[in-house]
């Protein structure tokens, strides 16, 4: 209700500020007897970890997760799984400049307007640091999805656009995603992005990105018909990630340009009695409910507003001034959003798996 | 939980199928002592009503709303407002063709996969007819928004793209929106759309659209920081509307192409001590919380899948066949989505108004 | 959130005032393909119906339920079930006396304090008339419970105390419950209550009661461990019924007087590998979770405050005055609470059945 | 949803097992700018702390609370307050006896039936140790209640019955409550209880208790009318405390024995335009909404089932056996329930304060 929980049956609640002692989450609604240990979760956190290459923020955080409750002898017990990550790189620093000035494009002004008080150290609660908790919760969700009958459900994500530069979809290769620092599924584009982002980084500037998340193996029939539609929940989930400004499913905004003949995915009889679709403009969701095809979601990430060029703003007293964000920054914050998008997909699907099961579906 | 409610504090729950006896909703969380009668709500329903011109479905529904509870002597009492709309145009008809065949692009197959049973008459629960309930609930939400201190909050929507044809934003005139059947804010474009849609309609085809919803007068500080962000909730709300496949806030997907310098909206001192923003790429929302600028949301509507060209599909038995949707249809279902988008914006804002007030904000 | 919904996965939302045009509810979370028609629901409403004998209010309401959505060809479709009951006995009457005066023991003053406006006709929203919606929703819940593996789950209730007069539990006979107007399981006590209540009724007075609700056939393992405990939810459910002031499970308040040796229900090996308990002080619930024994809940109903003796009160202006409730009244409103208690038990159990199933339990 | 959260607007979610590394909670919905530090919360935890005298369990837990997020420079920021308590007294011990045997009266069997796995060390999640988290959350709720206009709201609790021995209400003195180890408001009774409980303790037995919680200063108009009634929520809250088997409001079960004339609390004009009630059988709640009188709730706690007498039971294999709970135990677990009852009252009231404020009440 106050905006720190996500999900209904499978549900996590996060806590923590960028420069407080710790961040983490409580994951509730976890079925019992699933194998779960810290190493499994750590693997996903490591993908998102800052400081791994020159293209992401140089904050050095080991992001070591501890399970504080909910497992016994390596298996979940059905009680809440508490995941705890200590903040280690809280480097002593002069926050003077951003303490009193609202950084344009950041949540500084809106937090002040809403709460009348603000933990100005590194963005506080609005920092992208919070997404580590999401990735940890997403790892638990993946364990739940491993139990889907007829599975496995596979969730993967890739960056498909950096700044104005899109990938060439004809060269899409999932194996490439882990071979470059951009989660790019196209090796040639990845090389081009490296050059491009070097220029951006050296200029102290930043660029946006588009991420695509794909879930395969989701059975037909997940989702609710009107207000908890699978696509509504995914839109909510992805838009909740820091810096995201747009979400689309399947053909998305391009669907506006299609005719009914072009858009509707025709069906043929499949080998197992289930229909085979001749296209996937629906992104695997019709009427809010999964069709059995791949679920395809894309989201747009704006460029981070922490840049080295001074910007016009006002301060706490309403006086006009300029502000400039020194120190560590992310030339393309969309990179770290890739594993976060995967995690949010996992959580939404785990939730709808439980919901469908509740109704005997 | 089962997908028929929307909102947290201000919350509505809808019921009804396309060809059942009635549709409607219960609106809960309505503050007491607001003026509310059927005529006020009817005004909004009339905007959405089918059968008003040749560009929308010819189903003839008066959509006459009745208030069954929650008001006394013309004012709300704080108890649930029940809004009831009888279905009158349930014309006797042979549903034989769609009874057993899954129409591509419709929810026929997914409902069958999920529920194992399906009210095939006119789309049943997945019909756009359900959106009348949303418009009715949205009217109540507007009454709530009239009580915002420092208001009024104004909510307007327009169609900004039909098929591939976008409006010319330099000619935007809100007054035009009520003068053409497309809610188009640009008279010249509206004329061109009329010709275009005539061709589409006569061909028995359909096209998609993009709608823009704008809320003015929203104070800074509404929204929650992470998972009930104002933009998350708007994304969820708009994606829940039938046939919507994409949602964006402010610069939206174009933000991916911007640099940090271009994207972050700079601030100057305003006359009343509040900042004035030099641009609105954020669409009025930073960190999930309103900035005081206009809230701007766009959503893409796919073309309706009810078209006169036979399409390949399968039937209940899994046999391959063709299907063709005869009778009344909507060449651009996006038209009727305009008042629905307004209604969903009103509901989301009314909800966050109450939530902010709960926390003393 | 605003107090008109109950349940989480199986959930109903009610609307309607005592003297408005209609009352009813939307039941959501109903699994598909259950047999459901109006006659089935009507059977339960008829048990609760006023005007059936001299011991209950003489308001003449047929309470005829109509299903407005959610079923197709006699089976549920998985979409919301809307149950609609028109108010027919809205007899024209002078409400002058209670329009401005707060009746002691009623919610008149608190509604006025909360909402600043009040539908004073017959209690408005706070009238026991609302419980008809609960009984209707409870009937749907029973259909859900029919699908419990290893069932059937049986829910029955009886009045076990009227005023100070308790039943003799050694003569408990469930068959008696339907043979007297008090739902009393002991024929001798029923006869004594008839004489007693005649005196009360003729004096224009009223008395309280205690109701016991028993669910048999509930498998072990339903309920959640801490805050959605089966007993917490039952306490919430029963306390939400009009005029209820106390709830207890199993030994209840008497458990305070027991020693640990007396209280803890010992176990022996049962025929099917499940334990057999040697007593049931726990009322079938340990740690919030069902044991497989009978679930036993009792609740106390206060005497209705509509009596023929003038009482001291104040009016809307704060002036001291007296008030007396003329016309139809209930000498023991607890009688009509019996089927309501059954309905609430059914709803709580249906909800927890779905919740357990969601988690694969 | 999975039973580890309580509250709607003001809401806490707990985690942790008796013998895991830590317990604690995330408190969400906390208004910003409230003074809050660890010392304030610690004061309430110290009241509940085990090991303080011979009448409570001898587990030695400092229960030192750490605030991990949600405050900045001693004030709340509006972000989630994370409260963390390390378990220190996890003494190495042989759990052999209870590892495989179900202790009668405990949740051993039901957890096994529900989850198929069980952390048998000291009760795991079902241990009363979890209530430390409630007390911590309750302290935060008290801070919220300090901001109620027209306050202060005062919350106090006392034990009013131990085993069969009730206090003498004519000697009620709140000041006594802090002077004896039983939170007893009557010094003479406290002395008698000391002798009585010594006998019980030495016999390795245990007894139940009744606790009364009283909130003063609650304004009229809090609560919701039907399903989130103030009394429903209190019943749910108190019944969720370990070992509670009954809850009553005001006259409670005794109301069943009253006539309408005796029960309804009459009103006279008060000095400030508000009514003065001549009695408080309603326990400060009518129609689910506060009257402005004291809110009075009582709950019954069963005797702990950890006793030194062997009891008949079965084991994991379904074989008949006996079990005996050695080691530290609580002769009257109701004693430690007193501060927990206060905490739950604080949470319910803080929640309804925010809810009323949301609706402009």
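Labels A, B, C and D are assigned to the chains in the order they are written; within every chain, residues are numbered from 1.
Assume contacts are C-beta pairs under 8 Å (C-beta built on N, C-alpha and C of every residue); 3 or more make two chains touch, one makes a residue touch a chain.
These figures come from a predicted structure and were not determined experimentally.
With contact taken as defined at the outset, chain A and chain D are each touched by B, C. At the far end from chain C, in terms of centres built from Cα atoms, lies A. Against reference pair A-B, the listed pairs C-D, A-D or B-D yield one interface repeat, C-D (criterion: more than half of contact pairs the same by residue number). For the pairs B-C and A-C, the count of C-beta pairs in contact is higher at B-C. With centres taken as mean Cα positions, chain C sits 46 Å from chain A. With each centre defined as the average position of its C-alpha atoms, the distance from chain C to chain D rounds to 26 Å. Chain B and chain C have centres, each the mean of its CA atoms, that are 39 Å apart. Shown for chain C are the residues that touch two or more other chains, namely 1-5, 8-9, 14, 29, 32, 78-79, 114-115, 125, 225, 355, 359, 361.
Residues of chain A that touch chain D in their complex: 1-5, 8-9, 11, 13-17, 20-24, 26, 28-30, 32-33, 66, 68-70, 72, 75-82, 114-119, 124-125. Note for the complex: chain A touches chain B at residues 1-6, 8, 14, 102-107, 109-111, 113-115, 125-126, 130, 161, 163-164, 200, 205-210, 220-229, 231-240, 242, 244-269, 273-275, 278, 281-283, 285-292, 300-307, 309, 311-314, 318-320, 334, 355-356, 359, 361. Across the interface of their complex, chain D is touched by residues 9, 29, 31-32, 78-79, 147, 225, 354-355, 357-361 of chain B.
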